[in-house]
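What follows is a set of structures for review.
Below, chain A partners chain B and then partners chain C, in two separate complexes.
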Partner chain A sequence: MAEVHIIGQILKAVDFVEPHLYCKWILQSGNAWRLVQGEAQGQTPVSSHRLETCADFSQPLDVHLSAAAVQGWPRLLVEVYAVNVLEQSWPVGYGFVHVPTQPGSHRLEINTWKVAPAGWWNCIKERFGGGGAALSKTDLLYSGVDRYKLQTRSSGKVIVDLNLVFRKFEEYGVEFN
Partner chain B sequence: MDGKITASYFSLCIAGQIVSATFPLGPDTEFVFCRYELVAGPDWLLCSGPQHGLTQMATNKGGNFNDKIIFNMPIEATYKSTSPFGWPQLLVSVFGCNGHGRERLLGYARVHLPLFGSQCDQSSQPMLNAPILKPKCPNIIADLTSWMMRREPELRDAKVLLDTMKCKGLSMESYGTLELQLSTIMRGAQKLGYNWHV
Partner chain C sequence: MYKASAVKRTGIYRVTGNIADFQMELKLRHISEWLPVPKFEYTGAQAGANHKSHYPDSSFGSSRSDFFIFMPFSDEYCGYTAHCGLSSVSGSGSYGNGFCSYYNYYNPSNGYPTSSTGTPTQSSGYDASNEQSSNLMRCPMSPRHRQLISKQSSLQSSWQKDGGAADAVGDSFYAQNRELCNGGTANMLIGWQQKHFSRQELARYREASNCVTTLQRRYHRWTQDIVELQERHEMAQKRAREQVRIRRKPRKTKSLKRQRERELEKTRVRGQEMESERTSTPLRSLRASASPLLISASSEGMQFSSLPLSEFSLVEDPNFAQRTCLIHTLIDADSDEQSEEALELRAAGFQVMYVYADLQPDTLLITIKYSPTLGLLFVYPDFNFSADDMDYIVEVEHDCRQLYSYGFQSVIPLEAFDPQLEAMTPHVMRPLTVPPTSAQAKRKLRDLLNDPTSLDSPPTDATTDELLGYYRNQRLLAAELRTLLQFAQPPKRTRRVVLLLELHEAQHFEYANIHVRYYIHPPPYTILEPANPDDPFPLRGATQTSLGGGAHKPAHFSHCWQLTLLCEEQYDPEQLLHIYFEVISVDSWQRERCEGYTHFSCSLAAPLPAAAQAGQRLQCIRPLGSWWDAINRYFIGGRKVFDFVGYFNVQQRQCMGALHTRLDRRPEYGTRSTGVLLFSVKKLQQRSNVDGHWLLEHRRDGLTSPSDLGLSSKSTLDEVLAAYVEARERVETLLGYYR
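Entry: the complex of A and B
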């Protein structure tokens, strides 16, 4: 079976309004893919920067996958959460990116969105740290089917470094040009 | 494959240095020093070179407060492995020291060793920047105790930062960056079927 090594890091989140952030991530792939070694999900520490509006996570990611087919190419889903002084947390950014289909080292920017507050009461609640709305079904994050029902607002960016090493794809006639 | 038994491992040679540390508003202490450690997965074997190291006490006093603090600390090691999983990481703990021997933690920085390091040549080699993360007290009571005891929070085992699930719930603040220059030379990976070209 062909193998893929994904080695990299969740580097940082930039352009978010909230200062204290953490990020949950999941590496998701199709049915033909199997996780051989490593953790396909993780959660970063709560991070803030002393001067700038960015949160450095610098969390490592090291996953070894094996593939029987190229359908269901892996993708990285991220959810950024904000934390307030009372240790309440609420989501402030959802996003995903497909893992590049080219071996080598890549820096990816994931532009995220959040659910727009509906009505003035939710607006006020969000403004004063009560938290915005969360997705109840996180499959909205990666599927395009039910997206038309959502109202969203753009949020910050998550910057991810990924290094990809492929193995034995040539033996199965898969070409990466 | 000429009938010989081919090696089932590849080797990785790392050459580089911890170049400097930069604190945008100046470091909190007079001198700064680092302790570095190379951490790799279970399949990896360190063949040559030190796994730990301690830099000199460095300062940028005399210059601008936000000048680079130069370490110029060499890192050289050779690893042997069968799989890229558990790729070696460099964990650097940055400490500060005031004139009279009082040490305190300034933070931790981590970086994966470059996977495609042999591709770029020395002159155009980009600098790797790693943010320096410092643990924070999780709540006000811990903050108060820390202030009274004059002790700042440290991680008991900084290696949790190299794990994806273990640092969940930690609270960190980043201040400053660590600049590193690392290049790697691979041997024998192509033979194992790894597609290493960029």
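Entry: the complex of A and C
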């Protein structure tokens, strides 16, 4: 089987309105992919920056996957959460990106969005009391023809550095171009 | 003393090398036939009691042993060749297993009815050659040789009849397997998953019109070798018969008589030379024993006068088993003809191979199954120590009972698998070494695959050895996970192209609250492999709506999707994949407005441009329209029907005679720029690789690099030739030239 080593870090989250952020991440792939070693999901600590609108995470990633097919190429899903002084947290950014198909070093910028509050009351509640709408099912992130009915707002970006090592793909006739 | 068949057990071996290198040598020979006699006609003495001493171990002769006269078969008893012109059926070397075969004969005076495998003119034959019969009672001989002798007198007058005498005998089996019935040993070297055809398969596949699929055409090609072998053998037989006819022509003149005497003298000298060569060279002697009539034909050619031509073989043929399709195999490729048991085994992950002998009926000799997951080879019955041992006995019941012995051994050394020893080895992972036929083991294995963390954690008070074993098991589980699954290959003669599409953001549109809809038009001769089979519209989709984004603020979409296409052979690389984007804004009154259209196209075969992989900004446009359209858009909204797919398809417009140029002043072709989309695409393609299947079987050997596996990126000459032959067949099939 072919193998993929994903080594890198979730560097930081930028351009978010909320000051205190943490990030949950999940590495998703198809059924023909197996996790050999490492953690396929995790969570960063809460981070904030005193001077800039960013939160540095530096969360290391070290995942070893084995693939039995090229279908279901892995993608990295990030969920950025904000935390207030009452230790309440709510999602302020969803985003995901495909793992690049070229080995080597990559810097990815994941544009995120959040669910738009439905109605003025939710807007006031989100602005002053904290908290916001969250997706009950994460499959809404990437499925559905009628997805345009999901109303969102643009949020910040998550910067991810990845170093990729591919192994034995050429033996199975896989070419990356 | 005659022995019963060896006990048949299943041998389990661990394959440490390449299973494709596995070969076994199989030997099969005929031992004896027992002719049945109706019991009510038996009036003789209780012979069975006297012959029990000959069969202390025999379990099959109890019911019939008292019907026959058993004669010890050995070369030492008499010079049988001197009497009937036949050498011994087999040398003592062929009986190295200690067999001492016995042949049974009728008492001719009883006039028992003959069997169909016997001689129809047996009684007259014996009457005409009583002296020979008396010799035969003391001499070892093959049952078929008895038939030859018995028919000598009856067919002597009409021996010029052609080779249809075998049909007169009415024994199709003998006609097809003369060498086997005459005492020859069938030798066959069988490789793993090597196809050997039966007679029915040969008749089926030798006709090209019956072969439709690739496998059948391949079989047809392979059968041509056997057909050629048969034709060559037939020609050699024909030439030999003609030579004998020439020798037997009457010579009338004195000169011809002298010439004939000279020829006979030469023949005798040649015969003596061959006889001396036969006695001095063991190999030659062995070959002569496999084809005894050759020696008699050459050294004592005049002895042919008493034999029908159809009953002997003048040409030595060591490969008669292959020519006569005596031994044939059933392999994984013959899934249509396999039994339910074989299909179940294959479903359980085994590779199965059966070896049959066409002894009428087909008799299963060997069953071999191989588990790539476990790396174990199961052989039933177990290998002999040597193929020459021929420990296993096959008993075929016709109207007479035929006994055959066979033996087989592996050519490559195999390591015997001892389950007890494996159980004592601590580093072996128990769930993965349990045979997958066990439902419980399969379930446990599946659980482990689905959740690798389900291995029990080491206890808090675990010792050092337990901790080491735990982490060793974890490492081995990871290795098994790497090797257990097969890498999916695209179908033959196709290429799989996977596109990873991402729509990052959109900005600079007139109105906010936008979303993007996309439509994908794959090129011809491509097949879609939907990632989600339940998706009713795999070639179109939409992003979420970004409130407040798209105008002055960017609308973040982060919309990723994957598109998998199979490109057929007919796919033209110049035909592009087209993706059409339509940007739509929705206002607070839920009125939709078209914000722009854009388009992306790429070839599935050529490499993508670097800009497309890094992120390409696609400029959107929308129809300019008239002033009335602008007022309508501002106050009312709504989308105007616009064939943007046809607009972007320049070739279609050219075909329709509506050539699109930038200088076209017609308002219906006027557009204005709107916003931009940030879009990126990544591509990977997979060609069909025949080595992929082979790789899995070698992972367990600890071979990791392609060089260790004997693989290289370069193709071998055999692969090139095989690819050439297959490509030529496909071309011939396409052009209708295939015979």
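The rule is simple: the second predicted complex is superposed on the first by the 173 of 177 C-alpha atoms of A that agree within 3 Å, B and C clash if a C-alpha of one lies under 4 Å from a C-alpha of the other, contacts with A are read in each partner's own complex, and residues count from 1 in each chain.
Just so it is clear, a contact is a pair of C-beta atoms (placed from the backbone, for glycine too) under 8 Å apart; a residue touches a chain by one contact, two chains touch by 3 or more.
In this text the structure is predicted, and so the values were computed from the model without any measurement.
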Which of chain B and chain C A:Q9 touches, first, second, both or neither: first
Contacts of A:K149 with chain B and chain C, given as first, second, both or neither: second
Touched partner set for A:F166, first chain B, second chain C, both or neither: first
Contacts of A:A68 with chain B and chain C, given as first, second, both or neither: second
Partner chain(s) touched by A:Q37 [first = chain B, second = chain C, both, neither]: both
Chain A: partner with more touched residues, chain B or chain C: C
First, second, both or neither for A:S47, with chain B first and chain C second: first
Overlap of the chain B and chain C footprints on chain A, listed as residue numbers: 36-37, 64, 170-171, 176
Parts of chain A lying in touch with chain C, wherever the complex brings them together: 1-3, 30, 32, 34-37, 64, 66-73, 75, 94-98, 100-102, 110-113, 116, 142-143, 145-155, 170-177
Contact footprint of chain A on chain B as seen in their complex: 24-25, 41, 83-87, 89, 109-112, 114-116, 130-131, 133, 139, 161-165, 167-175, 192-198
For the chain A and chain B complex, residues of the former touching the latter: 5, 7-9, 12, 20, 36-39, 41-51, 55-56, 58-62, 64, 87, 103-105, 163, 165-171, 176
Residue ranges of chain C in contact with chain A within the complex: 449, 452, 478, 481-483, 485-489, 496, 498, 500, 502, 504-505, 515, 517, 529, 531-532, 535-537, 540-549, 553-562, 564, 584, 586, 607-608, 613, 682-689, 691-692, 695-696, 706, 711, 713
